[in-house]
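Next up: some structures, all given as structure tokens.
Same chain, two partners: chain A is paired with chain B first, then with chain C.
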Partner chain A sequence: MSSTSSPATTASPSPSAAAPPADAAPGAPRLRTRRRQHSPGRPRRSVLLTVLTGLVLVYTLVPLVWLLISATKTQQGLADSSGLWFADEFALWDNISQTFTYNDGIFTRWLLNTLLYVVLGAGGATFLAILGGYALAKFDFPGKRGVFAVVIGAVAVPGTALAVPTFLMFSKMGLTDTPWAVIIPSLVSPFGLYLMWVFATEAIPTELLEAARIDGAGEVRTFFQVALPLLAPGIVTVLLFTTVATWNNYFLPLIMLKDPDWYPLTLGLSAWNSQAETIGGDVIFNLVITGSLLTIVPLIVAFLLLQKYWQSGLAAGSVKE
Partner chain B sequence: MRRTTSRLLRGIALVSTIALGATACGSGDDGDSKKPVSSGDVKAALEKGGTIKVWAWEPTLKTVAADFEKKYPKVKVELVGERSGDKHYTALSNAISAKKGVPDVAQVEYFALGQYSLTKGLTDLAPFGADKLADKYTPGPWNAVSDGDAVYGLPMDSGPMALFYNKKVFDKYKVEVPTTWDEYVEAARKLHKADPKVYIANDAGDAGFTTSMLWQAGSRPYKVDGTKVKVDFADAGAKKYTDTWQKLVDEKLLAPINGWTDDWYKGLGDGSIATLATGAWMPANFVTGVPNAAGDWRAAPMPAWTAGDKASAENGGSSLALPELGENEELAYAFVEYANSGAGVQSRVKEGAFPATTAELESDAFRNTEFEYFGGQKANEIFADSAANVADDWSYLPFQQYANSIFNDTVGKAYVSDTKLTDGLKNWQDASVKYGKEQGFTVE
Partner chain C sequence: MTTLQQPATAERRPARPPGRGNRRSWTGWGFIGPFVAVFALVFLAPIVYSIYLSLFRDQLIGGNTFVGADNYTQALQDEQFWASLGRVSLFLAVQVPIMLGIALLIALALDSGRLYGRDFFRIAIFLPYAVPAVVATLMWGFMYGTRFGLVGDINEAFGVTLPDPLSTDLVLASIGNIVTWEFVGYNMLIFYAALRVIPHSLYEAAEIDGAGQIRVITAIKLPAIRGALVIATIFSIIGSFQLFNEPSILRPLARNAITTDYTPNFYTYSLSFNGQQHNYSAAVAIIMGLITMVIAYVVQLRGMRKGA
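Right, the complex of A and B next:
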């Protein structure tokens, strides 16, 4: 979502940019006017860039449009009609109610599971990233370089690669097939830690901390009352990152969980999808599609609401002041 | 995305299989110590009650579990059916290698039974009296679950093959329904010529389908004797198959669509896939997956390799087995027997399952069932005849699950490049032999 919205806003200039500035003297040389139009505040309009951005936008939105349209179709309508236009029957409401009632309403259970994993996993990961990032940015201690190397290295290792070793470890500890098997690994977010580290370095002036200490505030109070408010944009960014990662996590729960009662939405939808691959299975592509739509709605809402913070957080540290 | 995931799964399955093998080697004392279980033991267990965990995706088991609980109120059946196929086996192998959370009963497809039974992953059911049930089942499935005196599962369903064809398409282009594979190739040409959108079948490389076709053609590529294994795709039967199928591949007469995908369901519905040679369990999937083509399709006997030959083969089908590390063996066996040999069979047939029991297959009620979906055709007559004509000397590899997972990397190439089917099969053979040796099998 955000990847398209940010280039879109920077590339399309405001409508007034094309018109010559009202205050330009009538007899002024044209060259000067032009040059003024190119100022950093009013970048030159480029047809090529606009078209390219438009293409990328369409490319990004088509799957979403397909999902929206397909969610209005019955199983039969899906097979009969073209993917990018509506079928005769509008079955969206029926699909939604079926999604929530199919198999004794297991979808609701999966939704609540996902929420649990997000609140504890992504919430916890964010909290740990804040603590760690702040400490690494504002305190000096031996081995800091080593920590830096480890964190950078950890960013490069995809979580998927660690899933199997984690499974073997957790199965020894008897934690597999419990919610903890999904929550505990989600608590670690090297990228979040790195981001908080960079952000805290930029956002919190060391002088401010010194002032707080001189005024007699303890470290805990300094952290919560001075540092934390300054970190808000970074916190939202990391929270969004970890939320998306946990919400969409498929592989880790896949190998950790056996009991469908603990499935998150991703696993549940995949299970519904594979019903079509079994002998005598009930084919419910319409519910898989509607369920997918319902699954991404909360993420889209979260992004739209927090977009402002997200962008300022991402840009943190990009300009040296 | 899907492809990546399945690769990863394959990787895990592989890791677990190795772990499985290692566990089996480590414990040598679990062999013949089992005493026969009397029917009294099972009865006592049923009266005492308890909970059994069942991992099976077969949809008709829901009713069976409910009926079983009603009959034995003290027994609770926890049925977990959200996983199927690869994911199911990955979870099962992982549980067995972790020695934790192993289900009491697991659905295991016939092709995968060897893999689990050989690594001592499954309980021999003969001491429970399962060996005396041999006569109740058709030869194909029984041969798949039994190994000498040992019985590693009770057959749940079977998949004697038949040719499903879209009558509307055949009528429209006035093409005869093929009765031999040569006629089949002819029909493929005619249909595709009449409408380039129409293909005789979909095939993008499917291990289960190919092995079943070889089975019907009389090829016996796998010979298994304990840990001695032979793989050979160069017999006369295999040649019959590759000669014919190569024509279809070369002339691009097969739709490049994988089975069980939404494209596949769509093709079956809109007439672009004209036939489907598969197991007799297919009608239930037609009804829920292709509702828009109700009335278009019919069933016919499999085309023959030589006119008049009735030989058939099995495709798909599964058993219920008791993993060695599961608990409540008596209860678990009671459930399996109820579902696959007792009253459960009738309720499952009523819900569209295709039985493996001769009594059901031969009953008039079964044979005379009219399939509304097939325009009132009594399709079970065709299926039951096919079941009776399945050759029972076929066997799968004790590592068939792995072999099937590398099918697309070997034989699959014949569908997308200049590689010939025979070369693809040779590569599959070599890769299977190599893997078998690595696993400690004596492979020829």
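Right, the complex of A and C next:
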């Protein structure tokens, strides 16, 4: 029942989204720069508004600053010193090396697991989204509207509601407690498909595809040599967002994995944290904190370095919404 | 199935440049096929399977038997389920408006061009989105703590005793704060991106008419980004009803305040993995899914109708 009602839920934005974009959207990225160049009455900067926005900035940054400072403290220093200033002893390097060596270097194993899930899961999800988005944007095929409605509708299905049946199915197939149990569900990104559809619609001129076909290129070659290069900014966006989803995934590995050797970083950190509770458990909050810092640094760096791509990607996506 | 969809597809055709590139053929399936196959395996099959599960009951005596809608009637009378639903509804009613309100104000501030250092604000406020829910919850959980948390520091520095954020009364608000922190920047970016593509001619017209800033916001900007507002609201509703990560990770720090049936999702998880009640858990999950979709649908209808 939920499978039939879900398309209905969100099917309606799709026609309204599908109708105007073809001609409305291509101007979008250009509009941004044009507007900045000759905006007539350029508004005055406001100190008051900047300060008010600054309050929200403080709110977002304080926890990150706290994490950074706390990662420099020993277990003892955490208890003794104020949260927003350094302790006497600067133990960051020591904490990092302990994080990597604790329990025979299990953290390194978790990091490698996470990388495996990201490369295969997020990489695969992006690839499937590119192929599917290209098909939706540039081909007319039987059942196309049905596919579109079902996939967009699926976004509204509470993902975690599927977790239990997925677990039971996978357990019958013997996939639980293996990396596949985490990778296979990560391969589907309805949001990625949607973004790629938007991108392919505006970035690939149909005439170009026809020209390639007239020149005798097959569909596969046309896709790889003509379409794929034009999709590059969209691909970066989708890859970044699927990477975040996979890297940060907690619920799926939590139900699928029992063996700590297959844990991703998120699950491992959570296990370290609850270790303090068990009787006789080693209290290692300093390592939980340092491990947390090490877990978020790669993603933050990726977002900062690639901002040009994903911001324009989101902008293109929001036009359709 | 295909005959039904044919007219609809044909309708869309004129909107595109006519050409042989769009001819109707099965070629497109070669590209979308892999996505659809995996999608069927991880989305459609579990939905069907969970409906099947919800109609059975596994008993010590008699084994797996068909019980029809019994699991559903049981769930509808289940006080634990309703209590958890009430909790996430309260969460939804308070946290979502606050989060989206802040996100919208920041987006409008960024878009107004009146900020110093706009690009820095935009990226810095967005950053928490890149932080996993696990890390966000651990961080805030530590800071909430009275041992080496900020709350403890404040108590010490000012000689006051702040209420414990992890107590039964406050823990829902504390979870709301974590979720707000995680997603305020993401929503801000969605709104900002929508604001950036409003045609500038509209502002020029408003200027000629002598409209002030507030009038420009209410008459031009908000209506123009209505779609983005509706989408963000729907995603936030879905997110609230699915709440699981934050309470489950915070639980070790607040055992008494956060029970294993704290949210509907936590409840289905506990039923399945601690209680082995897979069938009943499936029924609860389906009811929750239906409620989510109905509410999302209503919001979408209302949101799209307003002034449309």
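Note that the second predicted complex is superposed on the first by the 267 of 321 C-alpha atoms of A that agree within 3 Å, B and C clash if a C-alpha of one lies under 4 Å from a C-alpha of the other, contacts with A are read in each partner's own complex, and residues count from 1 in each chain.
We adopt the following convention: contacts are C-beta pairs under 8 Å (C-beta built on N, C-alpha and C of every residue); 3 or more make two chains touch, one makes a residue touch a chain.
The shown structure was predicted, so the numbers you read here are calculated from the model rather than taken from an experiment.
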- Task: Name the contact category of A:Ala79: first (chain B only), second (chain C only), both, or neither.
- Result: both
- Query: In the superposed model, does chain B or chain C contact more residues of chain A?
  - Reply: C
- Task: State whether A:Asp259 touches chain B only (first), chain C only (second), both chains, or neither.
- Result: first
- Classify the contacts of A:Phe251 with the two partner chains as first (chain B alone), second (chain C alone), both, or neither. both
- Scan A:Leu61 for contacts with chain B and chain C and give back first, second, both or neither. second
- Task: Would you check which partner chain A:Asp282 touches, where first means chain B only, second means chain C only, and both and neither mean what they say?
- Result: first
- Touching partner for A:Val164 - first (chain B), second (chain C), both, neither: both
- Taking the superposition as given, does A:Thr178 touch the first partner, chain B, the second, chain C, both, or neither? neither
- Task: In the overlay, answer first, second, both or neither for which of chain B and chain C A:Glu219 touches.
- Result: second
- In the overlay, answer first, second, both or neither for which of chain B and chain C A:Ser274 touches. both
- Under the contact definition given at the top, report the residues of chain A touching chain B in one complex and chain C in the other. 78-79, 160, 164, 167-168, 250-251, 255, 267, 274, 276-277, 285
- Note which residues of chain B are touching chain A in the complex, please. 5, 8, 11-12, 15, 57-60, 80, 82-85, 87, 90-91, 94-95, 98, 100-101, 157, 159, 260, 262, 265-266, 269-270, 279, 281, 284-285, 288-292, 316-318, 351-353
- Where on chain C does chain A make contact in their complex? 1-2, 5-6, 8-9, 12-13, 15-17, 19-32, 34-36, 38-39, 41-51, 53, 102, 106, 109-110, 112-117, 121, 123-136, 138-140, 142-143, 147-150, 152-153, 157, 181, 184-185, 189-190, 193-194, 196-197, 199-200, 204, 207, 227-228, 231, 234, 238, 241-242, 244-245, 249, 252, 265, 268-269, 272-273, 278, 281-282, 285-286, 288-290, 292-293, 296-297, 300, 304
- Would you pull the chain A residues touching chain C in the complex into a rising list? 1-3, 5-6, 8-10, 12-13, 16, 18-19, 22, 28, 31-32, 34-35, 39-47, 49-50, 52-53, 56-57, 59-61, 63-64, 66-67, 70, 78-79, 81-84, 128-129, 131-132, 134-136, 138-147, 150-151, 154, 156-169, 184-185, 187-188, 190, 193, 206-207, 209-210, 213, 219, 223, 244, 247-248, 250-251, 255, 265-267, 269-270, 273-274, 276-277, 285, 288-289, 292, 295-296, 299-300, 302-304, 307, 311, 314-315, 317-319, 321
- Within the complex, which stretch of chain A touches chain B? 75-76, 78-80, 160, 164, 167-168, 171, 174, 176-177, 250-251, 254-255, 258-260, 263, 267-268, 271, 274-283, 285
